[in-house]
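Structures for review follow.
Shared between the two complexes below is chain A, which has chain B as its partner in the first and chain C in the second.
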Partner chain A sequence: MSATCDYQAKDYKSDLKPIWCPGCGDFSVVQGIYRALAAIGRPPHEIAFVSGIGCSSRIPGYTTAYGFNSVHGRSLPIAQGIKLANPDLLVLAAGGDGDGFSIGGGHIAHLIRRNMDITYIVMDNQIYGLTKGQLSPTSQKGRVTCTSRYGSMEEPVNPLLYVLAYGAGFVAQASPTDLVGMAATIEEAIRYPGFAFVNVQSPCVTYGEEAQQIKGLKAISESLQSLGHNPADRLAAMDLAQQYGQKMHLGVFYRNPEPPPTYGDLVKERQTLLSKDALPKERILDLFIKK
Partner chain B sequence: MRKDLVFGMAGSGGDGIVSAGDSLLQAAAAEGYHGVMTKSFGSQIRGGESSCRVRISTTPILNPGGNLDVAVALNWDDFLKFGAELPVSGNTVVIYEAATKILEADIPLVGVTPLQVIAVPIAEMAKATAGTERAKNTVVLGLIAGWFGIGAVAVMKGIRKKLAKKGEELVDANQRAFDAGRAFAMEHPLKVSMNVAASATKGQVKLITDGNDMCAAAAIFAGCRFFGGYPITPSTEVMQFFTDHVWKYNGAVLQAEDEIAGIGAAVGASFAGTKSMTATSGPGLSLKSEMMGLASIAELPLVIVDVQRGGPSTGLPTKTEQSDLFAAAFSAHGDVIRPVLAPTSVADTFRITIEAFNIAEYYQTPVIVLSDQEIASRKETLDPIDTSQFKIINRVVPTGTDLVDYKRFKQTDNHISPISHPGMLGGTYLASGIEHVESGAPTNSGSVHQRMNDKRTKKFDPLKDRKDLFEVTGNPDAPIAILAWGSVAGVCREALEMAQAEGINVKLMVPYLLYPVAEGVYNEFFQSVQKGLIVEQTHLAQTFKLLRMHIDLPKGVQSLARSGANPFLPTDIVEALHRLLSELQRSHEGQLQPQE
Partner chain C sequence: MAIQGIDFANLSLKDALDLAILVEDEAQERYEEFATQMDQHQTPHAAQFFRYMVKNEAKHGQELQARRVQRFGDAPRSVTRAMIFDIEAPDYDAARAFMSPRKAMEAALASEVKAHAFFVSALPALKDSEVRALFEELRDEEVEHQEMVQLELAKLPPDSGLSDEDFVDEPAAQ
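And now, the complex of A and B:
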């Protein structure tokens, strides 16, 4: 990382006016991100912020970082290309629960496996908001929506258990019910050297159920720290993560106490090892000479 | 003395036929010949049928050749599975395994009487000399050295090098098998001698490689430092080359979790300022199309290699076809122009791949390199290429005043806006798949959409004047024309020479730029044309139709199209030209007759 300077949250806020509905949880999430970035202090032009499609995927445009509002479900593949091309960048990816766990669900496992040094923030609202209220992969079974008039017949995905099972090195949950805690959690995720996942329970004020609004979330919210949870204990984290949907645990579920090398570290190592064998590029065709 | 010989060999998977072809090609190169080798397999992983064609010549080679001069069948079932890929004619010497117990008069080739048919106890000789039937391919190489004068020394030199690590014993066993084959040939001379003349370029350095490796090497030469992809036949070797070499140039390669992630990572790397590439084949091209649209609207440089195979869907995964043309030009929704370039040989894959990067970088666009299975996996001997003749173009980045109130998608005279990348102070912007104003901010304004569509399509106008991306040979005023691209072009180049030798007034156009369609260049070419052939390996005559969408082809221009895995021979083209010629003569006679 390059030298850090004094930055304030407002330095990361762009002039674009969010399209979100008044009261949307995502307003708090972007505030949390501004604060986390200010605490870290990387200049905006050294940050790449990638998203897919959905209400929450508009978020990169509301920051002063380099943003990429890409296609549905593909924030992670694009983010890893950016990180591999320029490992010095701070790379963030974000999107909704449909973007991350439905159409783009196949990518998460592989970024975890590779330990890409990317922070992935999912704004989980258990609904497709941009397309006006359809069932999402994290909607509760029985949920009535415009595509499930008689109630959903599917079990929801458990995002926390999902990423823990694949071995993510940093797994946390945050919510607009605690903005200070959210900023601190996102900051910690960014500082973790490797793939870091933050699930944010971000209420949809237009299509969300009563129980998933701020008041309802507060009622089921519990700080992991106050429970005395040890974030180095992955099995305990998985136990707690099972309560996703019933309880809203906030804070760090798991932080690998001995982070393995990131994919970027291994790439650098390989480049250093092999670059001495390089033919000058003008002579690359010499590889095809049969002696 | 012959100047050119075409060998075709087939056997079952374990017979080492392709390895024998490799040895023959390398020996030929060492002896100064030009050579081309194509391989063809069943789709089994191990076993099943495998074959190769090796064409050897004293002069540069335009294609893998037509009818075989020499056919080698280790068993007939496998040989016959290749059908038109290994065509036997009345001028072919047929060599086959005597252990098949088929009499020379009864070989199962229908409707053809070869020049000579020779049963050779290949397996028996291998067993007797090397102690194993696995040396059958070495016996075959000995036969070839004896009968056709290629590789008498160089073949064993190559084998010795290849097997050096495996011990002297194995090398000696192979030497005995080779000598036995050669001795058999000496004892049974051919009715008509088919020795190849010595090459004038003996002793000169030759390169040997295939289209996939050439493509990857060209990409690294052009400055590509990121590859994202997913394994798919027949393009996988492009990624393999990157995994072997790109690290040395401080680049990276990602074998992604799927085709979409492969191109997604390449789009990301390009956004980050790095020249990047992906490679795939038909089914993967279908999967990548949404990302290609994203790269077009976000105006990000990217090279996508599509090594065509038979389609649709899984189709014929190991056979060549040209039927991805429409997909290359038109896949991904919306109003978009995406340049498509096609190499015609291993050698020009180098130039065309570099050109693809130059166009991608200059125009800030995805570019498709439309290769095909034949070019991608055929091996060619090549004279060394002077790489200093190739100019490398890099994207225009904002500097100085551009970075004051920077607008990523600024309207400019040539519709190309300087492009920043993360890390560049003052260049931050939002890249997006959503329509955007000049700054990059999202919009759904109809008038902005109209202007941006104009920008993203008009920027390609100068590309359509690139006459250097078209090769025209033959008499420029000829009334008869041929047009072909990709691996079919090489067949037509040879057909042109044959037709010209017969005195037919004909010309040939080989487009390297397939899309956007360069109307002006084609109109000029077709001005003199009364009769013509658009030759292509597609069932639906895609090239013919793509051209007709954009230009008024002369009435007498016809389509000569066939499905993949049914290769054209130069003689097929010449035959079609004869038909055109007689139609042309008849129509002239018709014009001369007085009206009643």
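And now, the complex of A and C:
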């Protein structure tokens, strides 16, 4: 890992002009990421930022990190491949609620059980923004959209409870209603040694519901710290996470006080073990020669 | 609007000036961003107004910077941008595609009101008399800025009555 340097938020901002709708919550999220990265201080070329497809998935392009705006729902397998191939990189993954909990929903469980050192930021706007306002897995029951003319009949996925139940070591929530808090939360997530998940309630001003705009979110927001929540208590975190959709708790729900080894640590350990009796590289073909 | 890690009771004049400069920098950058967003979304009149605000904020920032240099030279800064958020900068969600010049000016007006409230709320905690005088001056300037935006607003013809909703496309497959 390289030494950290004195970077400023603007050093992580690329020249690409965002094409998000003016007012979109994702503008604040990218600012939060710039600030968090500046606080961490890794040079942009040591950061890999992977996303899927969606409005939110455009985010890597607005940073100076190496970016990969990949395939809908597939940010996590790609991020894992990158981290395995080059463990020294700081790997971020990001995308929307649809990308992460619909088409890509199956990947989270496996990333969590592997505990790879990747930070995953979901910009949860409870809608498919890019495709112009269809139901997403986190849309509230009863939500009327162009694909649910008479109201959604499905219960929403609870992203917080979902990742907590699978055993994620770091779970937090942030929102553009508090950018300073969002930057601090993302920074903490990146510093956590293992898989870290941050759900960001990021309003879609074009297709989102009134209640999910900044004003509505402010009205239901509550800081976990001010509630006296102990982030080492997983069951208390799960209890609070159940209020997703009614309350917007901000801050860290759960941080494993004794982080287990990451997949990368285990791979390194295995490599060391197996390389003890291994042949030198130049004699590798001997393996295939019958004695 | 948020502030983090600033001890107003012990704020020095140098830090107060630096803080005021950062507040102007943030506002200038945000207006620049808004102007670019308006360019991206074919909203030239709002873009033009936001660029006018960029110039204003830059001018205020330069005036403060000149005072800072005159009094404290290039002594290092101890306050940083990470300590402030949205003091005089319009909130990110204040921008909208196809916003009318009136809506753009209203967003700027709301920011000047917000900045005024910031200086008013900080005043009771300030102990240093020079810092207090500076904050009173900045507070009063925010009222002048509000008047300036109100003057621009008064020059406008009435709005067309169209809202953002009138521009939302029908869903399409992608």
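Operating definition for what follows: the second predicted complex is superposed on the first by the 280 of 291 C-alpha atoms of A that agree within 3 Å, B and C clash if a C-alpha of one lies under 4 Å from a C-alpha of the other, contacts with A are read in each partner's own complex, and residues count from 1 in each chain.
Keep this in mind: a contact is a pair of C-beta atoms (placed from the backbone, for glycine too) under 8 Å apart; a residue touches a chain by one contact, two chains touch by 3 or more.
Predicted model, so just to flag it, every value in this text is computed and none were measured.
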item	value
Clash or fit (per the criteria above) of chain B with chain C on chain A	fit
Touched partner set for A:Gln242, first chain B, second chain C, both or neither	neither
Contact breadth on chain A, by residue count: chain C or chain B	B
Contacts of A:Lys132 with chain B and chain C, given as first, second, both or neither	second
For chain A as apex, the angle formed with chain B and chain C - C-alpha centres, to the nearest 10 degrees	140
Which superposed partner A:Asp178 touches (first chain B, second chain C, both, neither)	second
First (chain B), second (chain C), both or neither touched by A:Cys21	second
Touching partner for A:Leu274 - first (chain B), second (chain C), both, neither	first
Touched partner set for A:Thr206, first chain B, second chain C, both or neither	second
Touched partner set for A:Gln225, first chain B, second chain C, both or neither	neither
Minimum C-alpha spacing, chains overlaid - chain B and chain C, in Å	13
Common interface positions of chain A, toward chain B and toward chain C	none
Chain B residues touching chain A - in the complex, by the definition given at the top	26, 29-30, 205-209, 213-214, 217, 220-221, 225-226, 228, 245, 247-252, 254, 256-258, 260-262, 264-274, 276, 290-291, 293-294, 298, 350, 382, 384-385, 387-388, 421-434, 440-442
Touching residues (chain side chain C, partner chain A) in the complex	2, 4, 33-34, 36-38, 40-41, 43, 81-82, 85-86, 91-97, 99, 164, 168-174
Complex contact set, residues of chain A against chain B	16, 43-48, 50, 53, 58, 60-61, 64-71, 74, 76-86, 88-89, 106-107, 109-110, 267, 270-271, 273-275, 277-279, 281-285, 287-290
Complex contacts: residues of chain A adjacent to chain C	8-9, 17-19, 21-25, 27-28, 31, 35, 38-39, 130-134, 146-147, 176, 178-180, 183, 203, 205-207, 213-214
